[in-house]
Amino acid sequence: MLEQLKQEVYAANMLLPKYGLVTFTWGNVSAIDQEKGLFVIKPSGVEYDKLKPEDMVVCDLEGNKVEGAYNPSSDTATHAVLYREFANIGGIVHTHSAWATSWAQAGRDIPCYGTTHADYIYGAVPCVRNLTAEEIEAGYEENTGVLIAEEFKKRDIDPIATPAVLCKNHGPFTWGKDAADAVHNAVVLDEVAKMAARCEMINPENTPAPQVLQDKHYFRKHGANAYYGQKG
Amino acid sequence: MLEQLKQEVYAANMLLPKYGLVTFTWGNVSAIDQEKGLFVIKPSGVEYDKLKPEDMVVCDLEGNKVEGAYNPSSDTATHAVLYREFANIGGIVHTHSAWATSWAQAGRDIPCYGTTHADYIYGAVPCVRNLTAEEIEAGYEENTGVLIAEEFKKRDIDPIATPAVLCKNHGPFTWGKDAADAVHNAVVLDEVAKMAARCEMINPENTPAPQVLQDKHYFRKHGANAYYGQKG
Amino acid sequence: MLEQLKQEVYAANMLLPKYGLVTFTWGNVSAIDQEKGLFVIKPSGVEYDKLKPEDMVVCDLEGNKVEGAYNPSSDTATHAVLYREFANIGGIVHTHSAWATSWAQAGRDIPCYGTTHADYIYGAVPCVRNLTAEEIEAGYEENTGVLIAEEFKKRDIDPIATPAVLCKNHGPFTWGKDAADAVHNAVVLDEVAKMAARCEMINPENTPAPQVLQDKHYFRKHGANAYYGQKG
Amino acid sequence: MLEQLKQEVYAANMLLPKYGLVTFTWGNVSAIDQEKGLFVIKPSGVEYDKLKPEDMVVCDLEGNKVEGAYNPSSDTATHAVLYREFANIGGIVHTHSAWATSWAQAGRDIPCYGTTHADYIYGAVPCVRNLTAEEIEAGYEENTGVLIAEEFKKRDIDPIATPAVLCKNHGPFTWGKDAADAVHNAVVLDEVAKMAARCEMINPENTPAPQVLQDKHYFRKHGANAYYGQKG
């Protein structure tokens, strides 16, 4: 089933150690086949240098395993919710990448301090609250996804324009139009998180980039009037 | 003697430079044969690229050399005490890894700020006090081990659940079910120490992760109800 | 056209990932043929491992493409202004290198705290203000160059002696006598930015290096009385 | 002349980029032949990947070139003074390694916060004051050496036990029993500088390691009662 998608998800998972985003098995990538309503995800706790494309696990949008020799990632239920709630995303990444996780542990949104951030992520990266004991008990991974989706609705954030979130005391999720794009955004997020921490160290009174500059950079890369790259 | 264990201890020692945990010869790994009451440890001050499996030294639980061409690690007496006091551990690692050592030099416990920590280490990583002049004089390395064991008892910490400690103004020890697992925990510890320092920089008023979240992550990986990985 | 210059610009662009100055496509290098009044620049948004020398784009000093299959860098208009305004420079680099960009995001000049800085960059690295909404609207990239040139005039800074600038909430530009020299200065700038941030962390009351020491180091490497290296 | 020593100095210079201590040509190593009263040093401003053993320059203890096709390092006069003043040292290293240079730029001694430091460097690493305008004018590089030697005498520091110094707003010098040992101490110094900065970040009220612990570690590695390694 879904051999091409398994290959893509495998390749995207292998980018995580290449870009220095994971230690040991601390990360997972998935991608969805929108027509079939199925997604492919990394198995749980398998070392990256032993992974093979055929080890990828196929799940339905309730997070149930449909095909695969291994258990899917322990975060599968979170991925399933995000695919249900964020209709047009094609791939999702979860890591414990060090700088983004440090912001998550600090429980703070990452302000948009510059154009590196604005080029890819519109506005601050939101940090969602801790789940309550009841929410953890009732379904930790699923409720993580529910909380993310609620927070985006509550704050009126478009998940296509802001493809990243921090879960308090945990770590980041990013997404994109496919698995590789979701990894791209995970790399951007950690770089942005690093520079945001450092510029606050350099200037503790720092304020976000002017909205007009954020808009300029975001929209020179995205939307009808984009002119960055070769397709604009 | 203990050729298989020597091979494992050699291989685990060689992981220390691979994971960037040591500079020069600043680290050592040992592992115990519980039945024989003997442990195997790296020789003192030998460069990693010259080490061979047969160079590993066999010691008894008093820290006396039983077999080997070289002197055992200068920290051998600390390892011996920990094997006597922490009955079910199989391997021990000592390094001067930069982030964990920075916390040790700061003389602070590492609070559990997130799930990366909670996945592997239950609760804060304790930092033990300095030895007194008398304790140093009477047996520095042995009393280092005695102090660690006393601190775990005093604070009622289970060394199996919390496989790491910091020695004030010195550096970390970690342990695990075997030599490789102890190295795994040394890698986790340095990553956790790095992110804890950074999240305090990002949020100086930071507080530990909620206990219920710490419990959730620790117990989804450990114990009877674990469901992470392929054995759950 | 300008095959030799294309080769040099290509080679200089490839140095950016080698020195760790760029993530993905976040950087560009150009160099000018002063006689012809044309410059060669990297195409926009093409990945480094797919770049070829013949992909480099030739532009005139108004920033118009003169030859090339690709769109030139989105920052081309900034380069064009700098070539017009800073008469004797031969190459320009723009990156989002992490430490220099952190200072840019912090909106601060980088003080000259030591001889590493003084060896290559005379005085503080200036950080120019944000463009206004009107300036962004009227021509963001061109006005970025105009603002840099105005700031150097206003502060009476010699761009040959101070071959680097920070654009607030954006990132650095550096230049030099040719493309390779501009990259050299980009490396220097990020190293200097890193050490400046760290020495402020170590000593929050830090003050710049004495002017006489800055002069000594700058002039032992530059000008008629230089004696560093093999040409002095 | 001194072919063996040239080979050693060449090899030691090549360790600087290997250990990440230098950017471009920012470092130099020398070693002395005590009997002949001559030392061998890296040429000035030659790139590391073009260096050859025969490029090393022979100088006398006044810092005059005795043999060599190239100009010696611009810091040669500093090396010459240190060989005259610190009688039993065999090799000297100067770098702009990032963490040690950050402390130098901050103008602070590096306190001994832990055993990593105490294992190799007895007591704080001193930071000498800036030279005056007159001292710079009269002979910058020579007076740098004179100032270092005076500071060690004034503070009654034994240069054999404390083989490292910081020059304010400039960078570190280290030394050792030969060129390789001096490089070893340069690596130790940067690691120690890094951890000292980080432990102050983690605990701004940090205090040095107890003297009794510093002594224990220094003397288990050095002197008549050493027992670290294979020769104790």
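For reference, chains read A, B, C and D in written order, and residue numbers begin at 1 within each chain.
Throughout what follows, contacts are C-beta pairs under 8 Å (C-beta built on N, C-alpha and C of every residue); 3 or more make two chains touch, one makes a residue touch a chain.
No experiment lies behind these values; they were computed from the predicted model shown.
> By CA centroid distance, what chain is farthest from subunit B?
Following the centroid criterion, the farthest chain would be C.
> Using CA atoms for the superposition, what rotation angle relates subunit C to subunit D, in steps of 5 degrees?
Resulting rotation angle: about 90 degrees.
> Between subunit B and subunit D, what is the gap in Å from one C-alpha centre to the other?
Chain centres of subunit B and subunit D, defined by C-alpha means, are spaced 33 Å apart.
> How many angstrom lie between the CA centroids of subunit A and subunit D, rounded to a whole number?
46
> Could you list which residues of subunit B touch at least two other chains?
Touching at least two other chains: 200-201.
> Return all touching chain pairs.
By the stated definition, chains touch in these pairs: A-B, A-C, B-D, C-D.
> Spell out the residues on subunit C that touch subunit D in their complex, using ranges where they run on.
Per the touch definition, subunit C meets subunit D at residues 113-116, 184, 187-188, 191, 194-196, 198-203, 206, 209-210, 212-213, 216, 220, 227-230, 232.
> Give every residue of subunit B touching subunit D within the complex, in rising order.
Its residues touching subunit D are 23-24, 26, 43-46, 70-71, 74, 96, 98-99, 101-108, 130-131, 133, 136, 140, 169-171, 197, 200-201.
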